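For reference, the structures are reproduced in the following blocks.
Both complexes shown next keep chain A, but they swap its partner, so chain B is in the first and chain C is in the second.
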Partner chain A sequence: MEYILNQLINGVCQGAIYALMAIGYSVVVGVTGMVTFTHGEVMMIGAFASFYIFQYAGSHIVLGLLGAFAASWILGMLVYKICYEHFFNAPRHISLICTVGFSMLVQNLAQICFGANKKPVLNIIENRVFKIGPVRISMIQVAIVVIVLALAVLLTVYFNRTRAGMALRAVSQDKSAAYLVGISVKKTAMIGNCIGCGIGGVAGMLMAIYYQTCYATMGSTMSMKAFSSSVLGGMTDVRFSALGGLCIGVIENLGITFSSASFRDAFAFCFLILVLIIRPHGFSVKKGARP
Partner chain B sequence: MNTLINAVKKVYGEHKVLFLAVIVVLLLILPFLGFKKSTIRIMCRILMYCTLAGSLNMINGYSGQTCIGQAGFFCIGAYTMAILSTRFGISFWILLPLGGIMAMLVGLIVSIPTLRLKGIYLSIITMGASEVIRIVALNWESLTGGSFGIKDIPRPSAGGFLVDSPMKFYYLFLILAVIFLFISSRVIRSRAGRAWMSIREDELAAKALSVQTSYYKASNFMYGAFWAGICGAAYAPYLQYIDSTVFSLDEGFNILSMVIIGGQGTLAGPIVGSALVNFLTEILRPVGTWRFVTYALLIIIMMWLRPQGLVGASDSILAGGRIKMKSKSKKAAKESA
Partner chain C sequence: MLELTNISVNYGYIQALHGISMEVGKNEIITLIGGNGAGKTTTLMSISGLVEKAEGRIAFDGKDVTKMAPEKIVKLGLAHVPEGRKVFPSLTVYENLMTGTLGNPKLTKERIKELLEQQYEMFPRLKERQNQAGGSLSGGEQQMLAIARGLMMDPKMIMLDEPSLGLAPIIVEEIFNMICRIRNNGKTVLLIEQNASMALSIADRGYVLENGKITLTGSGKELLVNDEVKRAYLGDY
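Let's look at the complex of A and B:
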């Protein structure tokens, strides 16, 4: 019982990171209206940016956060320019293949630049363990959940209370209607894409801190998780995506409690497929959500 | 570039039989021209991927469903062959169609939840299914040997004639590719093929014309999976050793990029794509990791300049154009107005 409770806590913590990935992912998909395969690489770049900042600029988590955000923002701009801007009116599979190519490009360039071996990330957060009854919670887990919650709140305020955020939502709902009310759609789409990528970068940094490693091919598994979490939430809806991420984190960690850890990814996908059979648009209640 | 392609097409259309005969003769005598063994191995790969990419093209190009996890079906076929031939010693010629049928059944299972889904949801399900298949193959040690894989898969033999050298496998893959192309060229001209294409062009209109879309989508999936399974079943004895790393998602993307580079929705596209991609992989081998960088750049450039692929027609729906009314019908509309 204690073991299961602890796994539940681990699941919630991991689910929080997945939720952040999924939020970034669904912001990108919502604003650009196209599916991306580069999100894993964006997260990987965020992780590496924070790794180098911790190494050379001082080990403070806010510094790493800003660095990861900025680095993935720049990568997000590149992704937008290369994979989206020309293909808004083309069939979807063209930009999809383009993002596949771009993610291969970034991943292999990262392997060349950063080296193929795993890099140990410095221990940024003091390694203390709280005991509440039978449950053990580490300081890292608390910090991760706090950061994710803070970012989610910030994002909600940005989307609902500021003019730029409302423009973003308008673009994600209907591009031509947004044109009509005087929103610069291309610019807004780029900013939205970059915000999504930046959040993804922060999620990558948290992942690197949680597992204390980062390596050039870490993106592929992470993008799978971001993918399935946001599909679970209905692709474009930020809140449901976060819920989906949380679900997948918990399901995974409970699943590996009852079987071996190597089935981790299989649990996530089986859960996803089961949910999609019952609800083809994930948790989202919106009718006719954008595919 | 378009005029060049049109010119080639025109010449090809006039002397179709002659062209095909020359190509067949060339392919038949190719291994005897004194190539090195490694070159013949590359040709084997090209021919194998012709069928494999062609099977994905049947799904992606002809019915417009974006499947990414073709490596999963490939994996099913290969493991069916490997397990049944090493454990029970069943003949290659029985297992070849059996591998296809197994993959077809898995294709059916995958397609059932996808019938209600569209676009990206479907791609993700196929991708997830492919990963689940690979993870099961990696972890079910008593059946698949886990990470050690399966060794010593017996070579196929027919009446004392053992197919054991790359040259003999070349003919095996050639025969498979020719059979695949022949059957597929018949299928896409049949009722089922036309139904698939109508679903690709406009699913709602197809439904209105009383095409049973879910039935045809599932059958399309099963057809593509069947040939992928057969490819896997033929590829396993060629390698003689398989493990789950062969069937990763990268392999799925590799197959997909062959289809895209060659041209979706054309029979010749996957052949061109397979030849080009395998050729490039071999040429770029000395540059190490940069090979993948070049390869990725090629995909991006391809999408920018020729999204319909090398062979695809520029007026196809896959090229990015909307379905245009022909000028004739416009004229007719004007006249009637």
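Let's look at the complex of A and C:
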């Protein structure tokens, strides 16, 4: 029982990171209208940016967060310029394939620049452990959940309370209508894409802190998790994608309670497949759709 | 206000518009009628910059907008209410209206409030439903929302693409009353319609479009009694 409770806590924490990845992913997919396969690499760059900041400027979590966000933002701009902008009116699979190629490029460049070894990300947050009854929660887990929640709240406020956020939502719902109300769709799409990438970068940093390591190929599994979480949430719905991420995190960790840790991914993807069999469009309910 | 000179548009190998010229004066209601595939929607899209023009020149409010980006044309004060409404389905009615204001950066907060009140006064049903998702409205309500959204940017001119499409006759009448009110509020209206008799009865002038060419033009009343128009669009001899 104690073990399960602790695994549940681990699951929630991991799920929070997945949720953040999925939020970033959904924002990108929603606003550009195209599936991206560079998100894993964007997250990896975020993790490395924070790694170097921690190495040279000391373990300042806020500094690392800003660095990860900024680095991924810049990569997001590159992705947008190279993979999306020219292909706005082209068939969608062209930019999809372009993102696949770009992700390979970034991953291999990262191996050249950062080295192929795993890098340790140690003691960024003082590793204290709180005991509440039978449950043990580490400081890292608390910090991760707090950061994810704070970012989620910030993003919600931005999307729902500001005019720029409203423009972003309008663009992600109907691009031609957005043109006609005078939104500069391309600029808005780029900013949205960059915000999504920046958030992905922070998620990458949290992943590096949580597992105390970062490496050039960490993006590929992470992008699969982000993709699955987002599919669970119906691709473009930010809130449901976050829920999807949380579910996958919890399922994974509860799953490995009963078996070995190497089945982690199997549990995640089985869960995805099961949900999609029962609800083909994921958790989301299409708001505003008339039956 | 708006002047099209010799506009041609190609879709691939197909020429959709063959040298269209028309003129819309300030505070007029101009209607463009024609059958399916005549090029009505293409004309509007070429005005608001959504399709590329092969030839010709478009001037709006004294400025050349032929090669301008769509969002810049909107910012000059030209609202386009597209065919099929295109409200943002999961934004609320209120938010949909507010997206309309994005096209005019000069609007102050007070002015936006004023405009919002105006729309709610003109379309009371929108006020009742202001917190409902745009996509959950009925067809007529969505059409009203689309028109109100266009008016929220306080445009000089508004272009309506088939506002009566698929609506019950009583709602159509309501919408046409609105169009007259919009003009009385000092705006210019360019109206595209299949419902030719309705459109011509409120229009100052009309153009008849056939296979991408303007074949007839005249005042609304003239066209209403024109034999050719009667035969082709009004359905009586």
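What we mean here is this: the second predicted complex is superposed on the first by the 286 of 291 C-alpha atoms of A that agree within 3 Å, B and C clash if a C-alpha of one lies under 4 Å from a C-alpha of the other, contacts with A are read in each partner's own complex, and residues count from 1 in each chain.
Going forward, a residue touches a chain if its C-beta (ideal position, glycine included) is under 8 Å from a C-beta of that chain, and two chains touch if they have at least 3 such contacts.
What you see is a predicted model, and the numbers here were worked out from it, not measured in a lab.
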* In the superposition, chain B vs chain C on chain A residues touched -> B
* Is A:68 touching the first partner chain B, the second partner chain C, both, or neither of them? -> neither
* Asked: For A:9, is the partner it touches chain B (first), chain C (second), both, or none of the two (neither)?
  -> neither
* Asked: Between chain B (first) and chain C (second), which does A:17 come into contact with in this model arrangement: first, second, both, or neither?
  -> neither
* Asked: Can A:269 be said to touch chain B (first), chain C (second), both, or neither?
  -> first
* Applying the touch criterion given at the start, work out whether A:92 contacts chain B, chain C, both or neither, answering first, second, both or neither. => first
* Asked: For A:100, is the partner it touches chain B (first), chain C (second), both, or none of the two (neither)?
  -> first
* To do: With the two complexes superposed on chain A, say which partner A:228 touches: chain B (first), chain C (second), both, or neither.
  => first
* To do: Give one of first, second, both or neither to describe whether A:209 is in contact with chain B, with chain C, with both, or with none.
  => neither
* Structure fact -> Contacts of chain A common to chain B and chain C in the A-superposed view none
* To do: Write out the stretch or stretches of chain A touching chain B in their complex.
  => 35, 82-83, 86-87, 89-98, 100-102, 104-105, 108-109, 111-112, 220, 224, 227-228, 231, 235, 260, 262-263, 265-266, 269-270, 272-273, 276-277, 280-281, 291
* Note which residues of chain A are touching chain C in the complex, please. => 163, 166-167, 169-170, 173-174, 176-185, 286-290
* To do: Within their complex, state which residues of chain C touch chain A.
  => 48, 50, 69-71, 74-75, 79-82, 86-91, 95, 98-100, 102-104, 133-136, 149-150, 153
* To do: Can you check the complex and tell me which residues of chain B touch chain A?
  => 60, 66, 112-113, 116-121, 123-125, 127-129, 131-132, 135-136, 138-139, 249, 253, 256-257, 260, 289-290, 292-293, 295-300, 303-304, 307, 317-318, 320
